[in-house]
Amino acid sequence: MSETLLELRHVTRVFDLSQGVFRRVARLTAVADVSLTVKRGEVFALVGESGSGKTTLAKMLLGLLPPSSGEILVDGAPVTAKDRVAISRRVQPIFQDPYSSLNPRKSVAQLIALPLIVHGVGNRASRRAKVMEMLDLVGLSRRHYDAYPGQLSGGQRQRVAIARALILRPEVVICDEPTSALDVSVQAQILNLLLELKRELGLTYFFISHNLAVVEHLADRVAVMYLGRFVEERSRAGLFASPRHPYTRALLESVLTPDPDLGVPDTRIGNTTAGGESGCPFNPRCPDAIDICHTTPPAVRTLPDGWATCHLIAEEAVSAS
Amino acid sequence: MTVAAPVDIGTGLEAPAAPQRRRAGLLRRSFGHSGLVLGGTMLVAIIAIALAAPLLAPHDPYNQDLAHRLIPPVWQAKGGWDHALGTDKLGRDYLSRLIFGARISLLIGTLTVLISGTIGTVIGVCAGYFGGRVDAVLSYIVTTRLALPVVLVALASAALVGSSLQGVIVVLGLLLWDRFAVVTRSATQQIARTDYVAAARAIGCSTLRILISEILPNILNALIVVATLEMAHAILLEAALSFLGLGVQPPLPSWGLMISEGKQYMFFSPWVIGIPAAALVALVLAINLVGDGLRDVTAPENRG
Amino acid sequence: MLSFTSQRLAVALSVALTVSIVAFLLLHLSGDLATAIAGPEATAAQIAEIRHQFGLDRPMTLQYLDWLWRALHFDFGNSFYYRDTVTSLVASRMPVTMTLGAISLMLALVIAIPLGVLAAVYSGTIVDRLALGFCVLGQAVPAFCLGLGLIIVFAVHLHWLPVSGTASWKNYIMPSVALGWYAVPAVMRLSRNGMLEVLSSDYIRTARAKGLRPTVVILKHALRNAIIPVVALAAVQFGFMLGGSIVIEAVFNMQGLGYLAWEAIARNDFPVVQAVVLILAVIYVALTFLADVANAFLDPRIRLA
Amino acid sequence: SKSNDTLVYASDSEPENVSPYHNNLREGVIIARNVFDNLIYRDPATGKYMPQLATHWTWVDPTTLDLTIRQGVTFHNGDPLTADDVVFTLNYVVSPDAKVVTKQNVDWIKSAEKIGNDKVRIHLVGPFPAAIEYLAGPIPIYPANYFKKVGLDGFSKAPIGSGPYKITAVIPGKGVKMEKNTHYWKGSPLGQPSIGKLDFRVIPDAETRLAELMTGGVDWIWRVPKDQATQLKSAPNITVLSAETMRVGFLQFDALGRTPGAVPFKDPRVRQAVSYAIDRKAMIDNLVGGGARIMHSACFIDQFGCTDEGVPRYDYNPAKAKELLKEAGYPNGFKTEIYAYREREYAEAVIGYLRAVGIDAHLNYLKYAAMRDAHRAGKTPITFQTWGSFSVADASAFTGVWFKGDADDSSHDTEIQTLLKEADTSVDTDKRLKTYQKALKLIAEKAYLFPLFSYPANYAFTSDLVFTAQPDELPRFYAAHWK
Amino acid sequence: MALLEVDNLAVDIPLSDGVLHAVSGVSFSLERGETLAIVGESGSGKSMTSLALMNLLPKRAVRRADRLLFDGIDLVTAPEARMRALRGNRMAMIFQEPMTSLNPSYTIGNQLGEALRCHRPVAPAAARDRAVQLLEKVGIPAAARRLNQYPHQLSGGLRQRVMIAMALMCGPDLIIADEPTTALDVTIQAQILHLLADLKKEFGMAMILISHDLGVVARVADKVAVMYAGRVVESAGAQSLFRSPRHPYTRGLLNCIPVPGRTAPGSPLGAIPGQLPNLIGPQHGCAFRERCAFAAPECAGDIPLVVTEPGHLARCVRIDALEAAA
């Protein structure tokens, strides 16, 4: 169970922020030079602040956005945006907001059966059987077969979305913040379901979240993203035990466990991203920034269970841990 | 503990009763909306009259009788029941002309909206969905269209192609698509950003399929509202063109034409212009009420 | 702001250019120009002579460029009907239409904006319903019916106002009402909806939570934001009014642009039609451009973007 | 109004150019008669020709006319009117540069020359007995020096004549203002003007005109539709006058069959059928109103040379019409188009009658210029025309336009053309009358043109005004006065 | 005397299908300097409660209360003018949406100054000084320059700080913060909460903090009220509540969230099946009984508030059964 299923090689995505035909084009690098590998059967989690490029990355994995440069490989074979149909059989998404990810004009049955119809799988009867099977699998009652999304609660909707994502039996499911729009009680149901399905169907998850507690609960490997770059990529245990990048540390400190004895932590990081044009992108907020951080981008420091990019990680420390 | 037990999910009080409740809600809201009820009733009545015109009209609307011209309507001293609304300047039965006129006016409204709706929706949906350059080009076409003064261009085109019922419909159809385009564009933009469109793409749906089965159904409400309002607009424009002498040609009894012909008598026999004007106002009012009502009833803030 | 302005300007210019092509084609679709210019009794030789003299035997694009060049210098050629230049005809008719449009717009705004604001502030009440009812009725009554009705009541029966012409300011009252009437529903609805939207926005809740007086909340915080789309609409409406004043000018016998165009159409005097179409379109384009810039000025999100 | 001694009169159209030779509108003719003098005057009451600017005229031979020009007449700017002005005017209008709008009015003139201090000789292109009538009509005299100085453009903005009224302002799109010429020459057959100012206003919309009259905004309107005229009679302070005019309404068929809709009209039986299908009497009684007469010939009955004796008549007979259609091979009728430019209800009534015999005619209602263009291009199967003969009381002013092979002739019958040419140019009065009759008979037999009726004119004006109407459709404001 | 006393507060919203009981029978009191946190899932009536205190409820909502005393002032009967004088002055509010809660058309300075000047007769310059001082206090560097900026030129975190500064302009006695950090990133959230805690201490204000995040609540609150379906189902000191939750709903909630160190990675989380009941129409008995594993027939009857230990109240008739099972 360690073969590579998904691989990204130096993927960059740049957006042209033009607001009209004649306006000078501004550019925004949403994802910068990201490389990663996801192994079959693992849960690869991606955390990072809002706007750091997580969704953009997910869209590229889904073939919805072509990368500006770099390569995406599924099962070792490079894919392009033209292979959207082919990718869609192997990679499927679950989105953050179950309220906007289901077409309100379609019944549950139509929604779940759509991938079968699009790919021409089965006939009417077999599709119906398959939809029923999926309903059972995600824990929806067969009563909901003809219901419309408007009649379902958030948790039920997210189940429909999961059923739709799984009906073609994909290998990878890209979960883009699948529970952050939901109440904690519903979140628990969905997380349990995802874990259960992974076990039963042998799925691989690419799991995006900014909730570190959830990530710690779910993930095998974790990557931390900041302003379009990966700053640290580690095994779960390693990352949570000894975060190496200052941003990762701040993130971990910001996790608020329901513990009334502890106060509110002071993460000591700044709140502005301005001024980080040169050197390490995190330097404007970094509490520990030293001179070199303002001039030179940090190189990748390899760690036993992954890597991080920070000038402050001394080589000795690497070897020590 | 395992995955949450299926039976527990959806034991919420709401789910089972929901489908009927929701639909009933829309109907109830519709019937509770006085404007919609009033407009709808008027509109249905006018449509029924138009459809059943040959059955309802007491006389042939084209039959002239110069000896009995300008008979006043029944409520005036010299009126009589044979011509309940009197006769026009050529002695044609006014009621019959009014009834047949409903057909022409509705026909103009409907066909114009069909043409302009198709053009506008295609442009708007494409601009909204594809965005970027496509949007820039299409928006620019829309702006160009908006820059051309409708009445003037309609008049000029009518003068070029000759004024006739078909001509008026085609000219108006080719001119009135702007609102469709603007509305569908912004609606499509909103929908194109939703996750369900992204999901459909991730599933592997073709662009055409997404446009037709994901986007179109969701902008239908907006389209219907625009269509009703645009229909009223078209009917009024036809009346204005007729008034300016380049609309439907006689002896076809369009209401706009009847008004413009009745203008001659406005000082001494105001009923000649008053009757078709009242009919036109009623029709346009009905359509507007229905359009407004639909907008209110389907507006998201009013949904259950 | 500067790039915003120049971008809008570029769009405006290209739209104006397209419209000029449409206007040019309008003239050339109306039949053989040489025959039209030569008049009905001309011989084939005379027509050919005129065709050459006016350069009508040159390629279309060349003719277009030439026409455009002259149009840029306000030279639209001669009217087929009047022995006069189109430019002087148009110039003499323009003030009437502009005055009419401006007064109508003022009237419409003065009525519609307060009405819209009231309807929004008292939304769901009888005030709101009356305002909306008024609106729907406004949309249903054709402008010419209203115009004729006004004439019958105020001129013929009451003798308060003159029937037609442009002799004094009194002549503008009824036409302005009839023309402005058309814009009231749109402006009112927009200010009502804008106001409703703004009133339910988070920053209005913030303003109220500060303890501000309702009048301050409405007039300072709400109106300014609600009015932004109205500014754009007002410009657009002004353009529409100029284009739509044909009917009103015809009813009230006002010698304006629309009237000129109408008569020109009836007489196949297409150089005039062409010029009026182009001028109205350019005015519209210019207005929307100004509205965009004004909007950007009102809305710091655009101004400082 | 009387109070400010200004007669405001309104009409629907404005002449594209006030220079009388450069428009063919009735409004232009009215202005011309008030502002310019002609060489000869025709008394509308008696039809007699009287001296005006020419004190005397003699035919030297059928193509040469000598005139003596009156001394002591001045133009509005004070210049004396001399034989030079007459010679200049006549030579100018026949020159191609002048681009005179209605060519028939002048194209009989070859040239003019001064043969003495006050003597002018006109050379004709050919014999043209109606010359005197034309000189008494559409040929006003221009001031040579002034015209040469300002050119046509200047002249059309500030025209100068010698007539009872002088123009003070020409406002395109609005109208023309005139003032009494206080130095108008004594002894003019027109008499001296009485009303101080004339204000011609263009008000295209009939109802607006009516409303203006009712509110006192204007003092005089015409072309009031019959129904309104009848009802206006009951209005206080307004006088309504109805009078017959020389204008004749008629249907013209495209006997050449140049468009698909016109093909049936190649068959004379179809044209006759149409003629039988229309009840002119009912139209006159109900639609057209007092003063109108049914016409049977292709001219106005009181014109010289016009007669309906021996001319076949088509009295209302729908059965006969159907029969003829059947004979012609159209038992179920056919579809066609009818073009019209005024009195839409007359055209509609015609359509109604055609419908009754199975002919489905679609109406195209256009402005005159547009309709004329379509007609001349051969696109009009049936044209509902009217013709006022420029108030020229000679049949040639009618038939010449419609049957002599010119642009408006849609039959191109050479036999008729020959007859008319003969009639127009013959100096023998009797022969003229006979030949016209022959031609008119032929026209009616072949039903190229179906005359409907003469038009009445309905004038409505403030009761303060004393105004008499004449059949030539030329309101003479110089002869009007306040009560 | 407590700064704020709320007794039996109810908010009803008449809808076309019936009356929606958004809040019913909510009671609590708050001392100066104290922080009360209100938790509960979406739609449980948290915002309605806070808006009811400020009298900023939506137009059609109806507020009822046995007692609503703020510093001795009866808010139920206070006329609108009186309420206006309190709002923003002695009781201020911070809203959830920092992106949309500032008027886009006016500068920060204008909006901050206005908050002060509508309650105090101060010169514009003085208001400006106060604004600068507070902006610096909430951690905005180069505050003077910021005053001339428009909201859209600030990031979400900065805007939320501006909102906090605005609430502080008049030095209120009570601050109501309705989900002040929900829209923000976790690192920013930590900063803002830290700031609020510091400021509260410094100015001696009382605070009502509304959140659905148990982590946030646990870290900030002195007292906690757990709301479910418009009612307070449990209220206690923070320590007591998180140590020994009494109500089955509170327990369920605490079990739902993965807590590092306490829940094993990959293990199933506790879940509360079902969903929030419909709040429209008459409400009887315990609203949670449909989802409660311990539900018994008596849960359909009236549920009294039970004092389980001093200061710890729970609205449940099955506490004993619950304790027994644990």
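Order of writing sets the chain letters: A, B, C, D and E. Residues in each chain are counted from 1.
Here, contacts are C-beta pairs under 8 Å (C-beta built on N, C-alpha and C of every residue); 3 or more make two chains touch, one makes a residue touch a chain.
Fair warning: this is a prediction, and the values are worked out from it, not measured in the lab.
Enquirer: When every step has to jump to a touching chain, what is the lowest number of steps that links subunit C to subunit E?
Expert: Minimum number of steps from subunit C to subunit E: 1.
Enquirer: How many hops, at fewest, get you from subunit B to subunit C via touching chains?
Expert: The distance in steps between these two chains is 1.
Enquirer: Looking at the contacts, which chains touch subunit A and subunit C alike?
Expert: B, E
Enquirer: Tally the contacting C-beta pairs at the A-E interface and at the B-D interface, and name the larger one.
Expert: Between the chain pairs A-E and B-D, A-E carries more contacts.
Enquirer: Of all the other chains, whose mean CA position lies farthest from subunit E?
Expert: Farthest from subunit E by mean C-alpha position: D.
Enquirer: Centroid from C-alpha atoms only, then distance subunit A to subunit B, rounded to Å. What do you get?
Expert: 48
Enquirer: How many angstrom between the C-alpha centroids of subunit E and subunit D?
Expert: 91
Enquirer: What whole-number Å value describes the gap between the mean CA coordinates of subunit C and subunit D?
Expert: 41
Enquirer: Pull out every residue in subunit A that's touching 2 or more other chains.
Expert: In subunit A, the residues touching two or more other chains are 20-21, 153, 155, 189, 192, 196.
Enquirer: Could you list which residues of subunit D touch at least two other chains?
Expert: Within subunit D, the residues that touch at least two other chains are 207, 211, 214, 370.
Enquirer: Which subunit E residues reach two or more other chains?
Expert: 268, 270-271, 273, 275
Enquirer: Could you list, by residue number, the parts of subunit C that touch subunit B in their complex?
Expert: Per the stated touch rule, the residues are 11, 14-16, 18-19, 22, 26, 29-30, 132-133, 136-137, 139-145, 148, 152, 156, 236, 239-240, 242-244, 246-247, 250, 258, 261-262, 265-266, 268, 270, 273, 276-277, 280-282, 284-285, 288.
Enquirer: Enumerate the contact residues on subunit B facing subunit D in the complex.
Expert: Residues 62-64, 66-67, 69-70, 89-92, 159, 162-164, 245, 249-251, 261, 263-269.
Enquirer: Please output the residues of subunit B touching subunit A within their complex, sorted ascending.
Expert: Against subunit A, the touching part of subunit B is residues 1-7, 9-10, 12, 14-16, 18-19, 22, 133, 136, 140, 194-196, 198-206, 209, 214, 217-218.
Enquirer: Show which residues of subunit D lie in contact with subunit C when the two form their complex.
Expert: Contact set of subunit D toward subunit C: 16-17, 22, 99, 103, 152-153, 156, 172-174, 201, 203-205, 207-208, 211-212, 214-215, 217, 366-367, 369-370, 372-373, 376, 407.
Enquirer: Spell out the part of subunit A that touches subunit E in their complex, as residue ranges.
Expert: 49-50, 153, 155, 183-189, 191-192, 195-196, 210-214, 216-219, 236, 240, 250-251, 253-267, 269, 271-273
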